[in-house]
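What follows is a set of structures to go through.
One chain, subunit A, links the two complexes that follow: it is found with subunit B in the first and with subunit C in the second.
What follows is the complex of A and B.
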């Protein structure tokens, strides 16, 4: 868009157009420098420090792969890696299953624009509550004397409280699903909204049932939304540690929790190794998701 | 789509989905009115009271339950959020301005900026802590934490501004330039009023994201706590309803912020419309 405006303008204002590259440079420089210094350099530093020598309370910049060997020969760290991958896959699936029907309804079935906006705003409002408070809010829900157990007992479905609801892997999964599913709903609802209704009507006129329409039209056209949502959810869940700290009672240790503990006990090199592994994991996941759908072509 | 049975089922599902989203917060809000200090963070409500709200502000006789260290933390969080808001909005506006012209390396610069909102806080935070450690710099909320908050919020401001500038009619600016008005004055008198709604949104994003930001803060700040860190501190100990009361209050604060934003937005839109009408007349 800027391109066409630039060509249209070229004739009238070539004086200012010539000065532009310089201006662009100065406008862009502060932001780019900021990001290099405080984003790229820290990540590189993390990679570098993962090869430093760890002593009891300090690190020295003598290069070694000892921390890496320790990581891959320790059951604690490896099981944290598997837990991270397992929880990520489960939460990803859960957010998709929970979020997709809601996105389908908001994006495709609600024809009234105002109602659509209201529903989307309702989904976003919880984000104006502190993330940690939202995590903590699951404790009185899931606990032994929590709301869910009370309701289930009141209805008579169970006669003994379900204890596995809180301070277990299940509670971490429930909490994360609730917090992150909106990131799935948003992009999918957006793609649904762009589906041309006349295509669906044509299919209906030709006698296609709902499932057929869903499989052949709605699902393929909403895939880019699923991929974008999956990228959001994946990156956030893989970098998580607060939800597991609050809801698992130390039973679930993710890579993020390992990093927090290691930093707490000044084991910087180990923390850096865990950080690099997390970065690699995220890189693989995002690259794989981008393979599924070519976003540039679709958006 | 007119399959009414499916539509009804999906509608009910979406209602349940909203209950799932809001349920925990509603329960938390109800329990914040538990009586104190003996009432715990669970049902049943022994007696309705605002004890825990008083407890937050130190208006109750001291008990074994330590008050949340919120006073100073609140000030720090607000100052940090304002600092972050100003810097990231300025950076966002300037870089979005730069992107109005095609230039070599624009793709690279774009991804570099957007990376800031994608990389998890735990990684940048750890990296920053390592750098501070290696250079022997003390970590503080106004230093190491602040720069990381900007790394996180500046991409949001940038994207908002990019969206605004993309829809922006350049001929107004060109008219100003061709009349001999200096670029700085053109920006102040012509460009800025037009992009003001975008600036407001960028500021809202930056403020709320920074105010809530936790994982970056955890690693990059020193001994002084910000609000999210104060809440995180309660995770490891027994939770009392005072945390719930605090959650209700911060939520109300955020809504007040959102309301202010909505009012300012409406005023600026109304003013823009009035200007447009005057010009037509």
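What follows is the complex of A and C.
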């Protein structure tokens, strides 16, 4: 009897071992198929198209590097690349400067879990309106006769409206910072919330003042949140085109705007070149950010 | 002996709950004090008030002769060992231990050679040599306990508060760490205030045992006195080795719901609820027919079950009013009487062994 039981057990163990690869396959198949069809193939296609021959009205699959040469010898495209990098860095810094203290407050200083959730939900409320409205709402705010200028003039701080507020790089940066800040606050607040209160009390008990504790305990323990937030913000800002189109009066051209115009005028090869460059740029940025913190270890 | 810490009339309330209700204690220098209290008695809050994480509503705290109620925790130099150890998860064992020396606001040590030497000494003291470069997630519970202790001791506090320091360890390790904590304290010559909910731990560790009951110090004595002469029924209950009967004192008897217990010259301590207490191991189990001498008290109970714990057997009897009485028979003294389930037995003790509170 015991013998049969043992054999049965061995057999079932054998079966489950044999079934294992089966199950792995079926669990992974939908995701893998989806990603291959709609991510890997399009990316390869994009790279391929970037080497096609582009004439004014047509594109032929004859391989050439002409589009690439045009991109790197054109001031317009190169300056768009630099503008993209500059605006990305400024917005990244701005979201961090605005978002980190907010996350520190919500995640660490608000002890009440309910209040914490309420505050985080408040951060997300702007997302209940559409992207376009959020961007366009900045116009009556920043414009020459907009709210900020009217108030500053009314108070008597300035005589002439500040024109640089709207349709400038500044307005794009203000708009993007507002829109993407929450993606910085969320991950950082999450990491802050995971810091054990008694760890901070222990540091206090050992004689450290607040800034010491911040530098030696809170900052390193919240770094994974900063990295995740930075990845979110970077990926979104690098691919941006709508905010700059709506708030810069077409003065600020990002790589995203280049892609939109090129696709609009059916210049697929140029669009593909810009797309490949943008993808590589994002890849480098994400890889570099992941170097900062080993997320697998931290999360 | 000079008092390192003196609390007088310290009170702390959360809404209607008086978590600390007029605490008066005085801790001598260079001693091991254990603080026994059931959960909810306010023991963790008391430690947090002493360390400075919570401010008392009223009362004064004198640490080394100076009032410290308004001093923030990082300027008090009172060590605190947390129940969950609260190690810095991103730092190695050595960095954890060096943290206080390098980062304290008052008089930090910037010379890394000095820090290294001190870390080396303290690591040897608590027995962690060889583990300095490990992450704190890569060491065992007992080792983490030692890191927490070393991290506190290296800053040379005059008083170390330990909040259930052995609670997170398994039973085997707990016994070993008890002896080790005492040894480490003796070598450092500081005062340890060790908070625990376990009566055995409190009695085993403390030179002095404080018993906390609903925000008040119910007793402060040496372990032997606390165990043999608990000052109130509440203290006797926390010790987990007394059968307690409520009732009234009337001349020469204590009248309880299960009958009259004649007294023999006991001084009734007038504290709290009237009660009659008899220790588990003072009761003997006899057949119903056995005779009883003049100085003995006898009640009857029905045997329910027993529990074997190696050196002793604890038997449980239910009395006629449903209450359960526990009897501890030490196996070294005599072979215990085998009790029949549901059988009725006489439970007998000497009058003089009972404690009476009125």
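Criterion: the second predicted complex is superposed on the first by the 268 of 299 C-alpha atoms of A that agree within 3 Å, B and C clash if a C-alpha of one lies under 4 Å from a C-alpha of the other, contacts with A are read in each partner's own complex, and residues count from 1 in each chain.
Methods note: a residue touches a chain if its C-beta (ideal position, glycine included) is under 8 Å from a C-beta of that chain, and two chains touch if they have at least 3 such contacts.
Since we're looking at a predicted model, the values are computed, not measured.
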Subunit B and subunit C placed together on subunit A: clash or fit? fit
Query = Is A:196 contacted by the first partner subunit B, the second partner subunit C, both or neither?
reply = second
- prompt: Now for A:154: first (subunit B), second (subunit C), both, or neither, which partner does it touch?
  reply: neither
After superposition on A, vertex subunit A (C-alpha centre) with arms to subunit B and subunit C, in degrees to the nearest 10, comes to 90
(request) Tell me which partner A:207 touches in the superposition: subunit B (first), subunit C (second), both or neither. (result) second
Practice prompt. For A:108, select first, second, both or neither according to whether it touches subunit B, subunit C, the two together, or no partner.
Written response: first
Exercise. Which partner does A:28 contact after superposing on A: first (subunit B), second (subunit C), both, neither?
Worked result: first
* Asked: Just subunit B (first), just subunit C (second), both, or neither: which does A:220 touch?
  -> second
Least Cα-Cα separation in the three-chain superposition, subunit B to subunit C, whole Å, stands at 8
Going through subunit A, the residues touched by subunit B and also by subunit C turn out to be 204
Per the touch rule above, subunit A residues touching subunit C in the complex are 196, 198-199, 201-209, 212-213, 216-217, 220-221
Listed in rising order, the residues of subunit B that touch subunit A in the complex are 1-3, 6-7, 10-11, 13-14, 17-18, 20-25, 27-28, 31, 41-43, 91-92, 94-95, 97-103, 109, 112-113, 115-116, 118-124, 126-131, 133-134, 147-148, 150-151, 154, 158, 166, 170, 174, 177-178, 183, 208, 212, 214-215, 218-219, 227-228, 231-232, 234-236, 239, 243-244, 246-247, 250-251, 254-255, 257-258
Residue positions on subunit A within touch of subunit B in the complex are 1-3, 5-6, 9, 12-13, 16, 20-21, 23-25, 27-28, 30-32, 34-46, 49, 59, 61, 98-99, 101-102, 104-106, 108-109, 119, 122-123, 126, 128-134, 136-141, 143, 145-147, 150, 178, 181-182, 197, 200, 204, 210, 235-236, 238-239, 241-242, 245-246, 256, 259-260, 263, 268, 271-272, 275, 278-279, 282
The answer for subunit C against subunit A in the complex is residues 51, 53, 72-75, 77-80, 82, 84, 86-90, 99-100, 103-106, 108, 151-152, 155
